[in-house]
Structure formats: structure tokens, C-alpha cells
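Across the two complexes that follow, chain A remains constant while its partner is chain B and subsequently chain C.
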Partner chain A sequence: MFPYVLRRVAHLALVAAGVVVVTFSMLHLIPGDPAHVIAGDFATQESIEGVRRRLGLDQPLPVQFARYVGRLVRGDLGASFRSNVPVTRELGLSYPISAQLAVYSLALATVVGVPLGVVAAVRRGTFADLATMVIAMAGLSIPSFWLGLNLILLFSVRLGWLRSIWGGAPADYILPSVTLAMFSLALIARQTRSSMLEVLTQDYIRTARAKGLAVRAVHYRHALQNALVPVLTVIGLNFGYILGGTVITESIFSMRGMGTLLVASILDRDYPIVQAGILVLALNFAVINLLTDLLYAVIDPRIRYA
Partner chain B sequence: MTRGRRWWAGVVCAVAVAVAAGAAGPPPAAGAPGRDVLRLSVRTTVVGLDPKFETASTVGFINSNVLESLVTTDFDGKTIQPQLATEWRAESGSSWVFKLRPNVRFHDGTPFGAQAVKFSLERMADAESVHRGDFAWLQSVEVVDPLTVRIRSKFPYAPMLSALAFYQPYIVSPAAVQQMGTQFGQKPVGTGPFKYESHVPRQRTIMVRNDDYWGPKAKVSRVEWIIVVEENARLAALLSGELDILTIIEPAIMQALATRPQFAVLRGPDDLVDRVGFNARKRPFDDVRVRRALIHGVNRMQMIATIFGGVGVAYDPPLAPGIWGYDPQTMGRLSYPYDPNKARALLAEAGFPQGFRTTFTIINRPDHRQIGEVIQADLKQIGVEVALRALDFASVSQSTRQGEHDMYIIGTYGVGDPDRVLPEFESANFNVRNRNFWADPEVDRLILAQRQELDPQKRLALVRQAAAKIREAAPEFALRWRRAVMAINKDVVGYRVHPQKWYVRDVSIGR
Partner chain C sequence: MRRRGGLWRRFLRHRSAAAGLAVIAALVVVAALAPWLAPHPPDVQNLPGRLAPPGTPGHPLGTDELGRDILSRLLYGARISLVIGIIVVAVAVGIGVPAGALAGYHPRYDGVIMRTVDLMLSFPGILLALVIIAVLGPGLGNAMLAVGIFSVPVFVRITRASILSVRELEYVQAARAAGARDGRILVRHMLPNCVAPLLVQATFRIATSILTAASLSFIGLGAQPPTPEWGAMLATGRVNLYIAPHVTLYPGLAIFITVLAFNLLGDGLRDVLDPRLRAAH
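So, the complex of A and B:
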């Protein structure tokens, strides 16, 4: 297992290098000059040149790239073009918000979604199955802005229990997490149901029943554990997506997560933030994938890595 | 079935626990007696606050509570009022002397005086400043004595007071700038009734009362400016009591609040206009008949009544009704009112009886798309097929600057000195502020002459002559001069809409 992990970590470095090159090139290929954005629409050519000099954008591209990489390998991500604030602080403000959102909403989605899926599979064709699949369908189809705004209307405006504007308190995460959880919950419930159904038809389940084990033990100890591998994939992927920023949910609840930060920075052509932000997200995705793969082996002893 | 039922009960319990946990969170402070914190929502992202590096009006508006300038404008956006200068006089056309307010201190404790004025204004005009172009007139700032400065311009400059009253040339603490360096924009230090406490870029900005303020003290002890981009979320937060004032709202919110007695909608003159320009360097917009035809083809009255919710008035550029020099007698009636028949006739006369195809460059955001679609539909009626070209702001700015566009939409100024808008019609400003690429030697001469004419009556005549010529040539048309519309909780008392500043000093909360 150890050599496998080492190899995968080496891959991470390759991914990082690729992301650095691609992000830099794409940012400089798309039209729109950061100096224009900063100096404003009415700026004179002289003002724009002044901003370019200040930000080092007057240098040839290879020089800019070399400087960027040089700073990067020393761990210096630079400062935002717009705010002059170090990129580490800008990301440091946004990343924990997205990370907490990802953890809370996926925990909620898993805790509710997996049992829903199991019940639906075990009681296939009954009312419980139908109800679960209706919930799952709703979770997939209801747009997050609709759900989020209605939660605000109910819990903030009508009942006055929770704030609609995120302020950093633990309770402020409840509504956005529920909003985000609905979609993942639906995916997890559906995935759990279908892989449970597949497992339940296997010979060993019949054997387990035949030797007189309690139905519940068969379902939860024998079937569920084996059905969890594809569910884990869904959870891992969703985790990456939510970490990458959920622009709509963030904007409804006025949270400055990764999505808000990156979209604003792309529109502002704030190169240092975009470059660092995308690098962090790409590495996140890669690490989560790695962890998911390793978890497979924990859940399913038949999976081994060499 | 018992197991199933027990399981469902578990889910219900979990949800109940989650909800109860939420209820334990901090309660919204709506209507709490003696509340001392004012919360306003800002719709656009606020990143930095240093006036030297920011062009966004929102930043200037927020700063107006913390930073002050030599002079400011009254609530009409036109009348000059003293602020850090108490009196001033022109020694000649290009030399003004300002007497400064005594016994004023910056928030960091250092004294305000002539040296700080010199430092701040020169800083706005230096090579790194994004406002260098706006201060091209500035020759020098001289310290006459600790409370007197002399400002010289490179040429007689009539709009100087207006330029100094804008929301950018604020006087900042030199000591704080030197100490904080590039981080000054996170917590600018000035002389205003509030001082910055904290600023989280792209999230919220918090200011607290300056108890040593030289003038009437602020009534609330703390003001929070919160960025809420989503329009429905802003409305919900106002209704739930989490926000007291929504700055600049959409018509939909006005309608939603109309039936709720706890909330009011405030209006005032706005510094913004929505205009559509033609690229007069490109065919067929080099023909004035085509430009006029297209203006006749757009039903602006209906546009204002529908998508703008009745807010704003159409006018003929360059002078919006809030700008000095506007004359309701001669400018009150639109030169090119909605008249599709006349539009078709003009197009035929110009050699386009079947109309033509063109593009309309807009910023890719909902209000522009809506405007674009209405204009597209209107112009289709006169045979002009418009394709919308929706780009992000950075691309629109660059593309129109280089003259790649046919038609484009711009928002510029609607109050104050006419010289804030006239540069958009000067040939010297092609590729910069002149994106119509239309110019006329006589108009160039008139604009330059009014800029240097210090006699108000003579200047007024020059401004109106230039305006008449521009109106005739129609290089652009205005959809509307906006009204600043804000939503407010009626618990909040004393807020007045100002077109260029969001002053909250005299605002109090109470029942």
C-alpha cells in the first residue's frame, strides 16, 4: 500500500505543475486586462500604464511566468491585484467557509441519505420506497436558489430563528448546509438504493439468511458494507464540488466562500487569487480522490493496492 | 413495519434537533429597543478602500463617512459646501486659496492641516494613482501656512471645486499611509464622523463612531456595510430585521415593499445614467440620419415604465437633468422621441430601406440583458437586426476602448459639473472616455473654452452651445437619468439620499 500512496503523491506534483501552466496561460489568453479593471473604465492610457508597472504586468509574459513560478516554489502566493491583501489571507478567509459547508452538508446528506437508500432497497416497491425516491427526485430537481430562499423565508423572515446573512456563527451554517445537502442527499440515497438492490441478490446474502441470521444483521452488516463503495465515490466527488465553491448558495446566504471569491476574481482578472485558488482546488480534488480510493480498501478488504 | 416506523421517527427527531440547535443561535436584533448598530447592504463587491486605487463608486460612497474632502456637495449633488476647508477664493483663474478647518485630528491622533492636504492631493495625482487622468489639471499644492493651502492648476480650470468635492479626493492621514503602506486600503484613516474598525474584502466593512469628531457627532455607535449580492436575499434580510437600509434597489423590491407599512422607499437624485452609444467611426453609424433613426426607433418611455419600474427620466445627452447647465426650457423635450415611421423614413433616406444588421455590446448581467432584449425587439420593428454581444466588464471595457463595437451601453454621471461628462465628446479622448468616436472641431473648442471660463454666465452659454451641437449630432442617446432608490426600515430615522455620498452621521434608530 505504501508504494502506491507514494506514487499517487508524486502524481499530485504533476497535477500541480499542469494546473500552474494551464491557469497562467488561460488567464493571459482571455481578453480583458487587469489594469483596465483596476484603473476603471474611464482611465487614461497613462493611468493604465501606471497600474501595469505597479503590478509588473508591463514585463514580457515569460518573465512574468518565471517570476510567478519563482515566488510559488518559495511558497509566496503574492497579493491580490485588487485589494493588495496577501493571497493567503484572501484564501484563508474563503477556504474554511467552503470546507465547513462541505463537511456539514455532506455529513447531513450521508446521515440521512444512506439510511433512506437502505430502507428503500429493503422495502422495495412499498410506500417507503416510493416516498424515498420522491424525496430523492425532489432533491435533484429543486434548484438551490429556490430552496435556499424558501428556507430563508420560513426560518428567517417568518419564524425569526436563523439569520439569512452569514456572519460566521455555527448556526449560520444550518440553512446553507441544508440547501446544499438536498442535492447530495438525493444522489447518495439513489446510489445506496441501487447498489443495495444489487448486493441483496447475491448468493452470500441468501446464505446468510439461510444460516438463520437476523434480517437486520444481514442488511446492515453484510449487504450495506459491500454496497458502500460506489456511495463513497459519490460522496468524494460531491465533497470536491462543494469545496470548489457553490456560487449560488454562497450568494443567497452572502457567504464569501471559494465560489464567490473565484468568480469575482476571474471577473476582476485578479491573477494572483485565481491562480492560487485554482491550484488549491485542483490539489483538493486530487487528494480527496486519493483518500476515497484508500477508503475503498478499508471498506472492502478485497480491494488491495500494491 | 415497526422497524420502519421507528426509523422514520429517528429522522424526524434528527430534523427537530437540528432546528432546535438553530433556534439557539444568535437572534436577529430586529426592533430591539435602544439598538445602536446600523446595518446597510451593498450590492457590489467592495475589495479595497484606498481612494487612490479604487474607482468603484460604492467604495467612494462608503468612504464618505470616514474620509472627508476640502469641499463636498449638498444633497442635490451640485451645490458646493465646505467640509475640511472653511472658505476659499480664487486668486486668479488658475490659483485658489483654501482656509482649512482648525483643531481637526485624524483618527490616528495626528493633526489635520495643510501638509496633509498637499500629501493627499499629490498622492491622487501621482504616477501610481488610478485617478491621475482626473487630476491632469493639477499643477501644485502649496502649503502657505499650517491652515492654508494654495492649489494651482495648469490652466484656468472652472470645475475645480466640483472635482475636489467628488467621492475620491479625500484627505487621508499621511502618517497612517506611511505606516500601513500597501495595506492602507484595508483601513483608511481620515477625519470623518466614523472610523474604520475592520474590513473583510468582499464581505463586510465595519465602522465605529469617532467620538472626537470636529462636527456634530454620529448618532449610532457602529455601522456595518454588508455585501449581499442576491436581490431576493437582500429583501429577506430587510424583512427579517437583519438589515436596516438597502442601498440602490431593483423595481421588484419596491413592489414587494409597497404593501408593508414597516418599510419605506426613499428616492433622490442619482449620479448614474444609462446610455447607449454608437460607434460613429463605423458604417452605417457615421451617418447622422442612421443614428437619429435608431433613437427614434427605441421606445424609451415604455422601457422606463416597464423594466425600470417607472424610475428615471429619458433625456438628450450630454446634460442629464441633475447636471449644472441643464435647461428644462430647451432640453425638457426629447429631440428624437419614439416614432417608428420617422425612423424608417430616415433609414430609407440614408440608403437602408430594408434596415441592416448590427451588434449591441453589453455587460453580461441581468439588467443589461433586459435592456438589450428590449432594444433588440424595438429596432426589429424598423428593420434593424441587432445581435447582442454580452461580455464581462473587463472585455467590454477593452473592446469599446479599441473601437471594436457597433452599439454599446455605458453608465456615466448624472449630477454635478458638466465637465464630468463633456470629455466623452472630445476628440482628444478617443479610445479613452470617447467611445462613440464622434468629434467635431467646434465642439472641441467649446468644451475647452467652458472648462477655462470662470464667469458662470459665460460658461453656461458655452456649455449649452456645446450641448446643442452634441444633441444635434446624436452620437449616443440616454435611456434614463436614474433616481437613487433605497429601501429602509422605518425604525431608521434621519437618512437622506445623496447622489454621491452615503452619509449616515445623522441617522438614528429608535421607536
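So, the complex of A and C:
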């Protein structure tokens, strides 16, 4: 297993390098003159020159890249164009909000999605199965921003149970987490159902039943454990969806997370924040992918990494 | 020919898929006939009659914050959403299928193409689309391009996997032995094998693309007002969420139904076209 871990960590470094190159390239891929674009439509020649010097765009590309990497290594992500606040401080405020939202959502999607899928598979063809699959299909198709607004209408306006104004309190995460979890919950339920159904037709399940084991034990001890491997893949992949989805969800609920920061910065062309935000989210995703792959080996003894 | 008839019948017997196709057909008709079906032009403002509730005479679904007829805007919005879905998937297929075929057929290009795909997939969720919009700037055209590029990897992977699975088969060897050129072998003999999985994926991808593009419009990075795009309509309507929820209700419902229809169709196509998967679902 150790060489495999080593190889995966090396791969992680490679992905990180790729992401650094992409975020560095962003400024240089802007159509036209980036200094002109950033300075705005009515900028004077002087202010354009100022922007160019400030961003180091007057230097040769390799020098610019070396500087960029050098600053990254020291943990210096630059300062916001607009507020001149260090990017690390902006991210430090917004990152915990997005991270909590993502973790709660994924946990909710898993804790609800897996049992739903198991019940649907075990009671295949019954009303419970049909109802679960209809809910899952709806969950895949519903626009998250519409779901979120409807939840606000129902729980904040009509019932008055939860406030709709973001204040950072634990209860303020409930509606956003439900909103963001719905799509992943649906995918996880569908994947759990289909891999359970596949496992339930295997010979060893029939054997377990034939030797008189309780149905419950067969389903939950024998079948679910083996059905979980593909489910884990879907959960891991969904973390990516959820990280990206925070952007939309935070906008619905006016949360001051990284998504809101990113969108505002894209609209403002505040590139240091955009670059750093994307870098941080992509690196988080890479680490989660690594952890998911390592978890396979723990759950499924058939997987042996050389 | 007989086999195709069998597929069509099997498809029609798949009730949810047939329902999905019927809804899509209805949407296409509505989109095509929007100028004739809409009771009002989509962008005519009437400030005294703003935020009229559903059921107001002349405005069956009410009016929005500028007094524009919501039903008319929804009908025109159907055009935009369907065009978005089709263009996005066309971009993704147009780049993804040739790249995947090349990667599967020529080991020489496999490494560089698949590493590029890996890099694209290292941006979680819609973040890759955000990167592209950050560079190109907000707007519906750029959002469609961004969602299209964001959808390329899945088509590269499916095409490559299908090509790899038939590359060493005897009928391909036979074609090669008969002197067929690479391009001909790829297009005439190998790509037809990918049609079924690609069709299924393209259908799902239209659903995802409509949803993603609407999300981008909702956060202000896609279609800009006054375009009657459904996501953009929701974004402007949310300001009056408490006093006029109908302004956000109908566009959201329209997105939901459209995406649901394509998802149902995709599920059905997969069941019908892929007998291996049918056992599991």
C-alpha cells in the first residue's frame, strides 16, 4: 500500500502544479490587453501603465511565473485590487463558511441518500421503491436556486421557523445545506439502489439466505458492505459538485463564503482573489480525491494497491 | 431495420421515457411558435401594472417587476434554454468525441489528451466554467462556451473507452488488413459503436447544461437582463420574493420540468439502448 500512497501523493503534486499554471495563465489569457481590461474602459494611458507595473505584466513571462510561484510558496496570495486587503485575510474569513456548508451538505446527502437507496433496493417494485426513485429523479432535476428560494418562502416567510438573513449562526446553515445536498442525495440514492440490486443477485447472498441468516443481517452485513464501494466513488465525485455548488447556494442565501467572494470578484475583475479562490477550491478537491481513493482500500479488501 | 423497430417499441413502452420525449416535443413546438403563442411581446414594460398576480386578465401568470407578461417571457425563454442545451452539447461533442477517438486510437496522443482531461477535472463542479468566464467575461455566449468546455471531459472518456474496447477486435483488424485508412476505420467501423453511450450521455448533458447555464445566469455571470432567460428571470424576481413569489415560481418550474424531461429521456434511452445496464436498474 505504501508505494501506492506515495504515487498518489506525487500525482497530487502534479495536479497542484497544473492548477497553479492554470491560475497563473488566467491573467494572460484575457482577450486583448489585460492591463487595459483591469484598469477599465475609461482608463488613461498612465493608469494602464500603472496597472501593468503593479501586476508585473511588463516583465518577461518566465520571470512573472517564477515570482508568482515564489509568492505562493511563501503563502503570499497578493492583495485585492479593490480593497487592497491581503487575499489571505479575505479567504480566511470566507473559507470556513464554505467548508462547513460543503461538509454538512455531503454528510446530509450521504446519511439520507444511502438508506433511501438501500430501502428502495430491498423493497424493489413496491411503493417505497417508486417513491424513492421519483424523489431522486426530482432531486436531480430541480434547480438548486429555485429550491433554495422556495425553502426560504416556506420555512422563513410562511412558517417563520428559520430566519432568511445570513448571520453565521449554526441554524443559518440548515436551509443552505438542504438546498446544496439535494442533487448529491439523489445521485447517492440512485447509485446505492443500483449497486445493492446488483449485489443482491450474487451467489453468496443466496448462500447466506439459504443457511438461514436473518434477512436483515444478509442485507446490512453482507450486501451493503459490498455495495458501498461504487457508492463511495459517487460520494467522492459529489464532493466536487458540492464544492462548486457552494457558489450558487451561497448566492441564494447571501452567505459570505468563498462562492460569493468569487462571483463578486469575477464581476469586479479582481483577479488576485479569483486566482487564489480557485486555487484553494481545486487543492481541497485534490486532497479529498486522494482520501477517497485511500478509503477504498480500507473498505474493500479485494482492492490491493501495488 | 427490424431491430430498430423493436428498439422504438421498447422505448415507447418505457413510460417515463416516452413522457419525457413528449414534454420535450411540446417544448420544441412552444419555442418555435413563441411569437404566435405569446399574448404580449416579451420585453414590453407596463410599470403601472407591475407585479400583477397570476390570473390577472390578459396576464394568466401575472407580470414581473417591470410589468412584463410572465407567460410571454417564459415562452420566449423556452427558445433560449433549448438553444443553450443544444449548443453546449454540440460544443462538448464537437471537441470531446474527436479528442477521445484520437486518444483511444493513437497511443501517441493518449497521454497528452488524457492529462489535459485530468487537469480539467481537477476543478471541482462548475469551477472550470467559472475560470473560463473569469477570463472571457460574463454573458450568455461566454457562459455557453464555458459550460460546453466544462462538459468536454465526459465525452472524451466515453469515446476513448468505446474505441479502446473495439480497437483490437477482429473486424477492425480485418478492415485494416483490407487496406482501409485510419480515418475510414475510425469513422466507419469504430465510431458507430460509441453512438448509443454518446446519445445517452448527450441527453443527460443537455439537462445538466440547461441547469448549469441557468445557475450561472442566476448569479449574474450568464444571460444578462432584460433577456427572458429563465435563470436571469429568477435572479431579478428574487428581490420581490416576499411580496410577489409568482415571479420566481414560474421560471423555476419551467427549468425544473425541462430538465426533468431530458433526465427521464436519458434514463429511458440508457435502459433501452444498453441491455447490460438494464439488469441493474
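Convention: the second predicted complex is superposed on the first by the 270 of 306 C-alpha atoms of A that agree within 3 Å, B and C clash if a C-alpha of one lies under 4 Å from a C-alpha of the other, contacts with A are read in each partner's own complex, and residues count from 1 in each chain.
Simple rule for what comes next: a residue touches a chain if its C-beta (ideal position, glycine included) is under 8 Å from a C-beta of that chain, and two chains touch if they have at least 3 such contacts.
If you're wondering where the values come from, they're calculated on a predicted model, not measured in any experiment.
Asks: Contacts for A:47 in the overlay, against chain B (first) and chain C (second): which applies, first, second, both or neither?
Replies: first
Asks: Under the stated touch criterion, which partner chain does A:243 make contact with: chain B (first), chain C (second), both, or neither?
Replies: second
Asks: Touch check for A:251: first (chain B), second (chain C), both, or neither?
Replies: both
Asks: After superposition on the shared chain, which partner residues are touched by A:84: those of chain B (first), chain C (second), both, or neither?
Replies: first
Asks: Which of the two partners, first being chain B and second being chain C, lies in contact with A:144: first, second, both, or neither?
Replies: Touch status of A:144: second partner only.
Asks: Could you say whether A:157 touches chain B, chain C, both of them, or neither, answering first, second, both or neither?
Replies: After superposition on chain A, A:157 lies in contact with both partners, chain B and chain C.
Asks: Between chain C and chain B, which one touches more residues of chain A when both complexes sit on the common chain A?
Replies: B
Asks: Just which bits of chain A does chain B share with chain C as contact spots?
Replies: In chain A, residues 30-31, 145, 149, 152-153, 157, 251, 267 are touched by chain B and also by chain C.
Asks: Any idea which chain A residues touch chain C in the complex?
Replies: Per the stated touch rule, the residues are 15, 18-19, 22, 26, 29-31, 137-138, 140-146, 149-150, 152-153, 157, 194-195, 197-198, 239-245, 247-248, 251, 262-263, 266-267, 271, 274, 278, 281-282, 284-286.
Asks: Across the complex, what residues on chain A touch chain B?
Replies: For this pair, the touching residues of chain A are 30-34, 36-47, 50-51, 53-54, 79-80, 82-85, 90, 93, 108, 111-112, 115-116, 119, 123, 128, 145, 149, 152-153, 155-157, 160-165, 167, 169-172, 174-175, 178, 216, 251-254, 256, 260-261, 264, 267-269.
Asks: What residues of chain B sit close enough to touch chain A in their complex?
Replies: 3-4, 7-8, 11, 14, 18-19, 21-28, 30, 45, 47-48, 53, 55-56, 127-133, 136, 182-183, 185-186, 200-203, 226-230, 232-233, 236-237, 239-243, 391-395, 397-399, 401, 410, 412, 431-433
Asks: Can you name the residues of chain C that touch chain A in the complex?
Replies: 118-119, 122-127, 130-131, 133-136, 138, 207, 211, 214-215, 218-221, 231, 234, 238, 241-242, 245, 248-249, 251-253, 255-256, 259-260, 263-264, 267, 279-281
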